[in-house]
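Shared chain: chain A. Partners: chain B in the first complex, chain C in the second.
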Partner chain A sequence: MHIPDAFMPIWQGAIYWIIALVFIMLALRWAKNQLTEEKIPVVAVLAAAVFALMSFNLPVSMGTSGHLIGGALVAIVLGSPFAAVFILTLVLIVQGVLFGDGGITTMGANIINMGVIGGFVGYYSFHGFMRVTKNISFSAGPAAWLACFIPAEVCAVEMYFAGTFPLREGLIAMGLYHALIGIIEAVITVLVIHLILRVRPDLIDEKVRQLQAKGVNG
Partner chain B sequence: MDQKNLKFLVIGVLLALVVAIVAVFLASPNPDGLDSTALIASGQKTLTAPATGENISVEAPGHFTYASPMPDYSLGGKWGPMGGIIAMVTGTILVFAIVIGLAWLLKKRKMSKKQIS
Partner chain C sequence: MIEELFQIEKHAYKDSCIHRLDARVKILLAFAAIIAIVAVPYSNMVYTVGGIFFAFFIVLWALTRLSPRIYLQRLIEIVPLWGIVIFFQIFLKNKYYVDYHVVMTLPFGIAIYAESIQFAFILLVKFIVSISFIILLSSTTKVQDMLEGGVRLGLPADFALILGMMIRYLFVFGYIYRKVNESLATRCFNAFDRRLPWKYRMRQLGYTLGTMFIRAYEQGERVYTSMLCRGYGRSSFLYIKKKPLCRGDIAFLCASLAFVIVIPVTIWLTAIRFF
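This part shows the complex of A and B:
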């Protein structure tokens, strides 16, 4: 759901950029305080993986493809929505500047949608679901789905304000396609979390490990 | 960095590179969710059927244009899949390097601040 420059007037892009910059500043502060020597390689590896997965378009039928976002994954594993803002911002800068995937003036909106909304929805819905289900898979899966679906619907509204999509059709199409893409997002998110839990459980956010130690099932 | 972290780092980056290279060959050529919706908005696609045209014609008034050096993760037709591999590997390693570099810079700034106070 990378918005290209052509889909948005410059002045609207500027508004999203200003909002995005506030979150980028907070994400930089998170990185400064949280990134220990132990965590830097994990963050860098996750960022490289998010870039590769985001650029990999998977077919979702109806003549449409979709790719992973990874906002929920990063926020859950690193234990903060700002981790998603930090990583997604850097990935989106490289994708936009080097590969024209997402525009320059629209980058603020893309950072808000995928990094900020994706990260916050993914992180808080995961911990909400954990309280109810006490199961990592049943919590991370739906959280990842929501972290794909909600940014897509927000994007449809932004496209309506930009005068690019009609509101109703935009919401229906963006919602339908990303409901399907979200299923892939959910499956991969759960798989990667289990992979890290198996090989390097010490790298997963402490809060998740404590929940697991309390008898939460995988 | 200890042995365990180095191992995670090397295997992690290699996995990311494998995904990046496989993507060049297996990625779907269909438009993504946003582009599909744009094609619907311009009447070139219905909700559930594939698009009939490829050129997205929706445009916002007063928008910005920018030409990226490697559009669509490729180096253009004459390079073929090799161009795609170069683009994806460059992107993956660049993201990795930027994150390492920025994290290191932030940490260094924090350390020097601590020394002053």
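This part shows the complex of A and C:
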């Protein structure tokens, strides 16, 4: 899903950069207002950990592998979609500048896809599902799946607008692959949230803890 | 990817005239070259501009005194995934051409078009040139220098503070990642081993990643405590000493930026005049 340079005309990359910058500014404002003094190093170290988590190859199916994106996980655990925007922006900068994974001119689009859409879809769909299912597993799982699947489809649409991949084929290819990766993302997200709730419940967002305290657990 | 980190940093610690350049110069040059090659329209012009840029890159790489094998290894690690997308272009039509000429017809109505092959090559040239300049930047600049260069170029202080801490802990998590993988291997656990039930593999991986997440959080708390001992507070800010560019850096930057801008513009003007 990391669109590299060359796959998008420069003017489109600039538009995505402008949109991404708006969200980065909002995420910075969130960080300034919401991050308490002790949370700043924690978020920085978490960003490094998310980078490491993304390095684990996870078996998908038919010999293919994928890796965690983590937008939904970060947003749910830290209790804000802006946390995902913030952390994934840091991760994408390091991936793009150090490893060439994702381009410089396309970084705006990548931040929008994985950080903004992934974070917002993950966070709000989790809380939406929670209202309906009253179950953390049944909410975090589908939320993580959507946070993987929807950005992939948006990525296919962006590639179509860029003229570097046809829409139908792009939607099918990206959709199928990320629908499978999304299952892994969902399973891992649920397991990680359960582990945190069991071992260090104080680390997780208060809203999730309250739901667990009410006995709403999966 | 995280395993490459140590290797990349090792290369960045070597010495050459390119290594000694100020990080700002290398960041600006890499970004300018990438923007310039991406800005060239999807046309045959890309071959000429890309060829000249790549020749420029080869000269710079030769000056780094790093082996070409290092460059090729890094390139091979990056190219495959998007290489497949580029390869598939030969079967697809896109909005940049009006007429398509079939070169070869395959079963199931699949055709290879001359224009699509050309477009695939254009993408490949742009992609390789862009990646090459990123490889040059990261192989010759220490991560910390890159961060300082970024701050001196105007990266917001709040962002730089957290990015700096993140970078410092990337290496810690690189080691943790390695250790976790080693211990999984010691227990003969392979996430891709189909003899193990899928549910079991997922549970193991989920808890491994979850443990890493918790360890990161706890590490962050310890970092905070130790930072407090060293005078850290909400009001503290990142201070980076002002460092004016030396004459050599300025000369190199001006010459390379002029090169990167003038070449595509000249080729574009020549193409306009020709048509």
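The rule is short, and it goes like this: the second predicted complex is superposed on the first by the 201 of 218 C-alpha atoms of A that agree within 3 Å, B and C clash if a C-alpha of one lies under 4 Å from a C-alpha of the other, contacts with A are read in each partner's own complex, and residues count from 1 in each chain.
Methods note: a contact is a pair of C-beta atoms (placed from the backbone, for glycine too) under 8 Å apart; a residue touches a chain by one contact, two chains touch by 3 or more.
Just so you know, these numbers come straight off a predicted model, no measurement behind them.
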{"item": "Combined model on chain A where chain B meets chain C, clash or fit", "value": "clash"}
{"item": "Partner chain in contact with A:P142 - chain B first, chain C second, else both or neither", "value": "neither"}
{"item": "First, second, both or neither for A:G79, with chain B first and chain C second", "value": "neither"}
{"item": "Which of chain B and chain C A:P166 touches, first, second, both or neither", "value": "both"}
{"item": "Contacts of A:G119 with chain B and chain C, given as first, second, both or neither", "value": "neither"}
{"item": "Chain B versus chain C as contact partner of A:G108, first or second or both or neither", "value": "neither"}
{"item": "Which of chain B and chain C A:A156 touches, first, second, both or neither", "value": "first"}
{"item": "Partner chain in contact with A:G71 - chain B first, chain C second, else both or neither", "value": "neither"}
{"item": "First, second, both or neither for A:I188, with chain B first and chain C second", "value": "second"}
{"item": "Touching both chain B and chain C, residues of chain A", "value": "5-10, 13, 28, 31-32, 37-38, 40-49, 51-53, 55-59, 65, 90, 94-101, 103-105, 163-166, 169, 199-200, 203"}
{"item": "In the complex with chain A, residue positions of chain B that touch it", "value": "1, 4-6, 8-9, 12-13, 15-17, 19-20, 22-23, 26-34, 36-38, 40-41, 45, 47-51, 56, 58-73, 87-88, 90-96, 98-100, 102-104, 106-107, 109-110"}
{"item": "Chain C residues touching chain A - in the complex, by the definition given at the top", "value": "1-5, 8, 30-31, 34-35, 37-39, 42, 74, 78, 82, 85, 89, 92-96, 123, 126-127, 130-131, 134-135, 137-138, 143, 146, 156, 158-159, 161-170, 172-174, 176-177, 191-192, 198, 201-203, 205-221, 223-224, 227, 233-234"}
{"item": "Residue ranges of chain A touching chain B (in the complex, touch as defined)", "value": "1-3, 5-13, 28, 31-33, 35, 37-38, 40-53, 55-60, 62-67, 87, 90-91, 94-101, 103-105, 152, 155-156, 159, 162-166, 169-170, 172-174, 176-178, 181, 199-200, 203"}
{"item": "Contact set on chain A toward chain C in their complex", "value": "4-10, 13, 28, 31-32, 37-38, 40-49, 51-59, 65, 68, 73, 77, 86, 90, 93-101, 103-105, 163-166, 169, 184, 187-188, 190-192, 194-196, 199-200, 203"}
